[in-house]
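For reference, chains read A, B, C and D in written order, and residue numbers begin at 1 within each chain.
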């Protein structure tokens, strides 16, 4: 099929349960090295799916593909039935769309100038500048019609991280990436950024929308902090929080954007068993109370077995097993991948 | 330690009070300063350096640089983008007013609305420059803005059909109050009117910038500065947000440009060289990046040192008739030293020493101090090819 | 004007020396300028003469010798009943002339009631910023150096005098670029006999104005401009321009600009590419001293500044008693006069004569200031100065429209006077000259 | 690994072993054609008839001009790109290192009492070698000192800090020369004689030939050093991943210092060339030259030495081209306009790996 339809085409989930996220043959190469090879799987709505595998299995790479940090080399990921992430097609062509209008104006201007119309020249020059500004802004704000125009022209640009968030996916990081010098509350407020509507004018002149929003959001922010067990730490700088609390704060920050799918990248890494069990409990809570679907990355199998409905095992970038925790645990390939050859027997 | 402060109830009280009545407190404090400065100028030793009117005129010019520093602070201090072509927007603002209120075009648009128009036009050009380049790695911005700062004067110089070339535009009209307080045109001889005008502008700018600083947008700026990737993953459109910072910085610069043009009544391309950008940057850095009060004071102090301090130092040294030093081959005859020549040397040294010894500036903002003194490598913004298997600290 | 960075010399005899020789130690002379003058004249009403010139950084060589000229005048000429001291201002910021600083200085001078007259500025764009101030304050200023036409003539000049359109508060003893350009054209067409020329400007006010003047006059004479280029003043690589010229092989090349814009370098590169034989002409921006002095045009052009290199100076050559001035100057500042020492001296003489004429008995400084302005602005008055007899026309331009021609002399490695021409008495036919 | 790496092999990877030379040849032909067009255009505009032979001659001379100035930019650009490659810092002071280099050679040659061309070939060679050796070593040391004093303490500070320091250093260097040495143009001895050399149809002046050959030789030497020697490998590995290199026993500080030494030495060499070719120097040539050189580095793909060299020639060519078409006063605008366009359409530069910047 042509690039256009390919790009425009959406997909229905392969699975029987309604899939919130569907990955199809996702492959990512770095130079010669293949980090993820032809991974396809579904995340049913309202479930907790775990992606496990030993170090170097390509979990994080796959994760970053979903989060919009990396374009896949092949395959695509669709969210809520809409193609979200895929290899960009003819991305280089996009700048031409910004320049085209102003170039036309400029040419017209030169034409007018050459026939001696000074006023025409001035107007055209002005028009060229304005058009350029407008089209640049359009290219950055990317209104739907602009995207549709691009798709019709066969240009597809994979979603950027912030667009992924706006579609309802938020994440945490394996190595904590809080805003170290902001307070806990400010971190959560940043998490709410995509939901806040106050614009420059509102904030500059403290209009009602700004005031209302600020008070509401600060209130809600405190609730989120309380939800993950950080009540009263609003004004603590993130960098001064203990390790476990930083992990919790990251989750609060992720929840603050009201996601439908939450991506957790080794959320229990470096925690002691007690903290780990609390954390695991929190996942169940989030799913049951907030109805948020969770994709969990772990290489510690014991952590995931408790909470997961489905487990997918990656090794050397390939899916080697998929199914319920019990099935996966029994799978000799998995045991081999974790414990090395011969361990299965 | 800061968290301790933060948790200390009285200080929190004070903070929240200031937050609630921030604008009011800004109005009052700026007003007090504006009232005090001319008085300070009349007491020794300052009174010896010149009469009050001269000082007031100097303060009005210092105000222009305070505005420049305030705007640049949004770009460099809050959003962490290095803009080295800042003077370009200053020039654009100035020429905008020159076009709309001079004999060159025959138009005579009043000064006050043009403040906004100039700011708007400058912002537009900020977007024009920022949009294509802000998508790129931060360092590219530094060099592109530097290039832009070089181009704009070149354009004003060479596009003589539109700009009257190297002679620039003269006979730009002054602000006018149309009889309000019995004042009509500001004229050239009375510095007081300009002084109060520029302080009024500074007052409003400061207020707006403070409000932006602790709004959704301000938080986004800081977030981007701290960890661009994380910010993006929290749903912040880094490009638009950076562009916004860039545009606001530019507009403040344009505002200053309009005032400058109407005070000076003439604009020529060679008034907007790299030296202006560099001076503004020094002011922001020395004042304390990210701290609105800090950069304002920094800008004011540096400007006064430049326009008064060094001259007085010259007079002092030359009247003191210090003995000539003979350090082996080197002979220092104090009378021959013109400290005005050492100005850039001093700026350069100041920048380096500041960064090495006190990166948060003379008047640091709390956050910046925290940030600039951390020794651990902060998570650098993600590089394209950095995203390898297990980038972001993933497995190799 | 940005012009004449290192100075056009008013006297052939002093021509050999350059303002640059005092570049090494700007401030002693700067500070020294105040000392002797205050010591100079006897008791009486204390009045000041303002000096508004670039005194620091790379521009010290421009401003300092001129300031010294004023100081010399005050030390030599007394006005009974007045104690005259100097109010010194510097319009250089970070070592570069700065219009805003100039305007500020002008306000400072205007705010000082005892300042009756100002000598300066040096650069055209500074003058643009100052003229509105001096015009509003009714404080007469006399520029020793500005040659940009637009400062005194045309719509732009009227715009500068917006506050009191009728009142002239700015005069200059240097003649304007159109005359100097005419001089350059006269050399090219009549002396060299070139009937077509290639012109370049350094994109700066002075260079552009000079080339405009040259072009107009050269065409009026019947010559044709075969081509033109505008290398920016930051250019160091002129090779491509030289190659282009090589291809066109014009009989004459005229470059409007100053040595610091790279004119010497351009001439050097012409020689490097083997076209030094094409005659080369410029304005007073390049007659800044002999090849023996560092950083002068001839010094940088090197051997290339050969027999066929010409320059003009926007000032009269045959002035009364040239050596007296230079020796007096040398005696006072133990350095040779700069290009603008004499014109600045002349400005001071204008003030002193005006003071003599209208000052007697007047004690109110404000009245005195306005009387002096009115006296100097009056075209009827003539002044006997170091430059000879000088007067100012209705626009404030000097009535001395004499341009001196100089030619490189390989034996002395210096400029040699060729002839001078007064473009009012003896205008180029068919060319509308000033006034 | 970072996009910025000193390795030339990646560019070959990206282009294929033979694409680069072929591309260069094609580019040269196109460039030549454009210049020829320019000459014709000019003679048309000025309505001065010219012969094809004359125009070709002109175009050739302009090509040589472009290559010569380009070579100087390229030499400076190499320093920028190396430093950026290894510590991701725009070393704004680099342009002023170049300026200082020109002053060092000026000082040396004048103190040795040379003013004009040296006819005796032996003496000439000796003096040239001396001049380059001294200037390169001195500037190399200066570069190392700058790194040690101004940049190393900030290696782990936020990106902005060293950038600002670099600007500060740039102004310090510039103004030390301004205050101490000279505040105006000064003559620098041109010791090379300047005859025209002919290779069949091509005629070129000795100075131009010298500059181009020298620059290319230095670049090849640099490549060899980076790819063949142990230290070169250390530099590359540091550029790719500092921590990993450290683990592998590479002494980071020495390696970075070495990078600064080489980069600054090349700038020093460029300084000598500037003196020999133009015969002048002044305290502020560093700013413009540095700006253009950095543009060249970005143009070629920052961190990529081959790219930097290429970028240098492109910038030089653009300047010449704009003057050939009679728009010399726009040359700067042309240069930076090109920079912006390249950054928009190919952010990684001509030879950089094709990767869009995210986040």
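Everything below uses one rule, namely that a residue touches a chain if its C-beta (ideal position, glycine included) is under 8 Å from a C-beta of that chain, and two chains touch if they have at least 3 such contacts.
Nothing here was measured: the structure is a model prediction, and the numbers come from that model.
Between the contact lists of chain B and chain C, the overlap consists of D.
Nearest to the common centre of all protein CA atoms is the CA centroid of chain B.
Contact count check for A-B and C-D (C-beta pairs in contact): higher for A-B. With centres computed as the average of Cα coordinates, no chain lies farther from chain A than C.
Rounded to whole angstrom units, the spacing between the C-alpha centres of chain A and chain B is 37. Each chain gets a centre from the mean of its Cα atoms; for chain C and chain D, those two points are 39 Å apart.
With centres taken as mean Cα positions, chain D sits 33 Å from chain B. Chain A and chain C have Cα centroids separated by 68 Å.
The multi-chain contact residues of chain C, meaning those touching 2 or more other chains, are 57, 60, 95, 203, 230, 232. Shared interface positions of chain A, i.e. residues touching 2 or more other chains, are given as 69-70, 95, 160-161.
Shown for chain B are the residues in touch with two or more other chains, namely 132, 154, 157-158, 229, 232-233, 238, 341, 344, 371, 378, 382, 387-388. If you check each pair of chains against the touch rule, the ones that pass are A-B, A-D, B-C, B-D, C-D. Per the touch definition, chain C reaches chain D in the complex via residues 6, 20, 23, 57-58, 60-61, 95, 203, 226-227, 229-232, 234-237, 239-241, 243-244, 246-248, 259-260, 262, 264-265, 268-269, 272-274, 294-295, 299-300, 302-303. Those residues of chain D whose C-beta lies close enough to touch chain B in the complex are 1-3, 84, 88, 90, 150, 153-154, 156-165, 167-172, 174-176, 178-179, 287, 291, 294-295, 298, 329-330, 332-333, 335-337, 339-340, 343-344, 347-348, 353, 355-359. Of all the residues in chain A, the ones that touch chain B in their complex are 30, 33, 35, 55-61, 64, 67, 69-70, 95, 98, 122, 129-130, 132-133, 136-137, 139-141, 160-162, 165-166, 170-171, 173-175, 177-183, 186, 189-191, 193-194, 196, 198, 200, 202-206, 210, 213-214, 235-237, 239-240, 253, 257. Partner chain D is touched in their complex by these residues of chain B: 76, 80, 82, 84, 132-133, 135-140, 142-144, 146-148, 150-151, 154-155, 157-158, 228-229, 232-233, 238, 274, 278, 281, 285, 289, 341-342, 344-345, 347-352, 355-356, 359, 371-372, 375-378, 380-388. Residues 2-3, 6-7, 12, 23, 124, 127-128, 131-132, 162, 208, 211-212, 215-220, 222-223, 226-227, 229-240, 243-244, 248, 367, 370-371, 374, 378-379, 382, 387-396 of chain B touch chain A in their complex.
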